[in-house]
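For reference, the structure discussed in these notes is given below.
First chain written, first letter: the chains are A, B and C, and each begins at residue 1.
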Amino acid sequence: MEKSRISVRNLNLYYGTNHALKDVSLEIRGSAVTALIGPSGCGKSSFLRCINRMNDFVEGVRVEGKVLLDGENLYDRRVDATLLRKKVGMVFQRPNPFPMSIYDNIVYGPRLHGIRARQELDGIVEETLREAALFGEVKDRLKKSALALSGGQQQRLCIARALAVRPEVLLMDEPTSALDPVSTRKVEELIRNLKKKYTVVIVTHNMQQAARVCDDTAFFLAGELVESGPGDVLFSRPKDRRTREYIAGRFG
Amino acid sequence: MDETTLYRKRKRPAEAFLLSAVYGAASVSVMLLCGMIGYLFFRGAGAVSWRFLTTVTDVAKKTSGIAGNMINTLYIAALTLLAAIPLGVGAAVYLSEYAKPGKLVNLIVFTTETLAGIPSVLFGLFGMGFFGETLGLGYSLLTGALTLALMVLPLIVRNTQEALRAVPEGYRSGALGLGASRFYMIRTVLLPAAMPGILTGVLLSVGRIVGESAALLFTAGSDGHLPKPGGSAFGTIRSLGEKMLESGGTLAVELYLQVQNGRYETAFGIGCVLIAAAFGLNLLVKLAAVRLRNRA
Amino acid sequence: MKTETKHPHSGSVMADRRKKNAAEGIAQTVFAACAFFVILAVVSITLYLLAKGVPALLQVGPGKILLGTVWKPTAAEPQYGIFHVILTSLAGTALAVLLGVPVGILTAAFLAEIADRRLAAVVKPAVELLAGIPSVLYGLLGLTLLNPLIYRLELTLFRDSPDHRFTGGANLLSAALVLAVMILPTVISVSETAIRSVPPGIRAASLALGGSRVQTVFRAVLPAAKSGIATAIVLGVGRAVGEAAAIALVAGGCVNPPFPFRSVRFLATAIVSEMGYAAGRHRQMLFTIGLVLFSLLMAVNAALTKIRKAGTGEHG
């Protein structure tokens, strides 16, 4: 097994008095897709948001334990959280393009981080749209509003937008739950391609999807990490009774 | 130095600048208020006395008093609301309960907005000409009140409409399902439920009426005397009735005239009274809003 | 009330329903009449201003009035040029917007995005109270507080210019500052609502791309709220154009081209300050000025409607 890219050690998360993640430890491999599965409310999305510290913005949140990215603890006091989020990109459950042109959506991130040169920005736009398999569909209307795109196209635009800041890790929070089956298939195909360059962590409630796209899988239940391992192993020979029941469709 | 490490907070001077601009703007807004109110009370508190509030200006004794203006203000407010509340609430009920969406509703909504956008000085011009001259009401409290009724109408329509919109659909279908007629449902279910919202509109209207000067200067005039004492209950009513067709200046109009005549002390005194009224109304609006939220 | 509380066995159902239907019909008619009254009011005001303002406009000549620069309504040979008055209203409003809108939008951003609950709990009520202050009080405070300050500035700036006619601080700049403060509450509250209605996903997207909180506000949230903020600005413009009482006290009142340190007269203040003594043609002229003011505000309203339409198209 390759060396892990992200290691989570004894992570506890509280929303006020609600203990949302209980002593979670997990190793996440680089250049692979790790799927987090579990019934809704199990803490998988909260876990994901610990990796780019998006939980910081939730009022009354408290995090204990360590999340190491390339050996650096994200919750160290010295960490520049905005830089972290540049390194660890995120795609959300609902497509959330800015109400601007397609072009401006993509260059939003690069501009934030100080890239101004027109040519460079143009290059980034084309490159990331190609990476997100969207370039062909939108190349003639880059200056048109992103809100005119279909839901599936919007989500791929959001992926392209996330890639435009050159992240190393990409977090995806149920990225296809608001999409139709055709768009879902396109996005899944895209995810499988992305792992060549990026470390991908994806939350999904759809086990077929997890099986289709992932290398590794981690199963969460009621704030605890029940079981993790290579996807094929976890799906075919789960060790824990609860994992077995979940996969068999007994709950969630 | 390693450029990729996360262990170093990057400095962002542009951000510090923007953030201080935001804080600066907010402090400007707060300081403006505090400064203005503070200065107002500093200059005006001395003028406010029991005699100032309960007598009328007496040129011979060289005393100034605003009792007449206070009565006029209340009188105009009452007359205005008497005209504007039924019209405004009625229009809002029609818009949200009877009218079917379409051109007509759009036209009414558009004209309501237009009415809200007309500046008070134009209401004054219209009121003076139409109510004062064409209808022959002259400079009188009634002319002023009718003018202001047009001015505050949009406030009442809008707030009532919003309050009606906040009433859950279930209330309506529930009452209608029990066999109540639409009008009965409106009277017994809808309007009571929307009452705090209507009240908000009314209070905001009172605020505008109390603070208005440009629209009243040439409609209600500037007289500051008290209504003649009636002697009896009947006499009082008759005297108030007569007063309706006589000139009368509200506090805000009196303030304007005092400033024009350079009597700042009296002006600041009236200012204190007006601000106290504005604060009181603001408080009441908040209470109404709280009640509306608890209801809905 | 009595007709509604009926005993189950009293009277026939048919008769009862007929009575009920009649009441229903009357109620609906009355409500409809109230709604039509709003239309009637606007139509009457429009027609009245046209009827009173147009004749003088035609008799004297629109060119002479709208483009004339001399306003001498009481002279033996009266002149009714209001070009400078119109320009003053436009320039004063523009200046007020320029000064007030940035402060307003930034304060709104502060309230909706930056401030924690405790700070917002101080600033928000202050803004609401600001909105409740009667306009004539702004005039009083402008006259006694602002004019002396502006006069001091004027004395310093024009110390060496013998041609300057000193205004004692009662000039366009003072008026614009007063107007800027007066439009603040409108701009703040409408912008704040617009900012708050930006979907949370927009903020999350910007933050997740490594945007700081401030960057997120300025580059993602404010642009996303732009149609609402435009509405706020236009409402502010409307308020500034129409204000009369406050600036009648601080602007000086002479008809002059609009320069910051000149005593000036606005459209709205012209009406207020001359209505008291104007008669005959002069008085008609004030209605003509009212008509010009009315047209300006209709233009503002049209802009508002257009922005609102564009805004709904954008999000729909």
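One rule holds in what follows: a residue touches a chain if its C-beta (ideal position, glycine included) is under 8 Å from a C-beta of that chain, and two chains touch if they have at least 3 such contacts.
Everything numeric in this text was worked out from a predicted model, so none of it was measured.
**Q** What is the chain whose Cα centroid lies farthest from the Cα centroid of chain A?
**A** B
**Q** Mind having a look at which chain is the central one, using mean CA positions?
**A** Central chain: C.
**Q** Suppose each chain is reduced to the average of its Cα coordinates; what separation in Å results between chain A and chain C?
**A** 48
**Q** Taking each chain's centre as its mean C-alpha position, how far apart are chain A and chain B in Å?
**A** 53
**Q** Just curious, how far off is chain C from chain B if you go by their C-alpha centres, in Å?
**A** Chain B and chain C have C-alpha centres separated by 16 Å.
**Q** Going by the contact rule already set, what residues in chain A reach two or more other chains?
**A** 82-84, 87
**Q** Multi-chain contacts in chain B: which residues touch at least two other chains?
**A** Chain B, residues with two or more chain partners: not present.
**Q** What parts of chain C, by residue number, touch at least two of the other chains?
**A** If we look for residues of chain C contacting two or more partner chains, we find 212, 215.
**Q** Inside the complex, what are the residues of chain A that reach chain C?
**A** Counting only chain A, the residues touching chain C are 52, 54, 57, 82-87, 89-90, 92, 94, 96-100, 108-109, 111-113, 145, 147, 158, 161-162, 165.
**Q** Under the touch definition given earlier, write down the residues of chain A that touch chain B in their complex.
**A** Chain A reaches chain B through residues 69, 72, 74, 76, 78-80, 82-84, 87.
**Q** Hey, which residues of chain B end up touching chain C in the complex?
**A** 12, 15, 18-19, 21-26, 28-30, 32-34, 36-37, 39-40, 43, 86-91, 93-95, 97-99, 107-108, 110-115, 117-126, 128-130, 150, 153-154, 157, 181-184, 186, 207, 210-214, 217-218, 252, 255-256, 259-260, 264, 267-268, 271, 274-275, 278-279, 281-282
**Q** How about chain B: which of its residues touch chain A in the complex?
**A** Those residues of chain B that touch chain A are 4-10.
**Q** Where on chain C does chain A make contact in their complex?
**A** Touch residues, chain C against chain A: 199, 201-202, 204-212, 215, 219-220, 223-224, 314-315.
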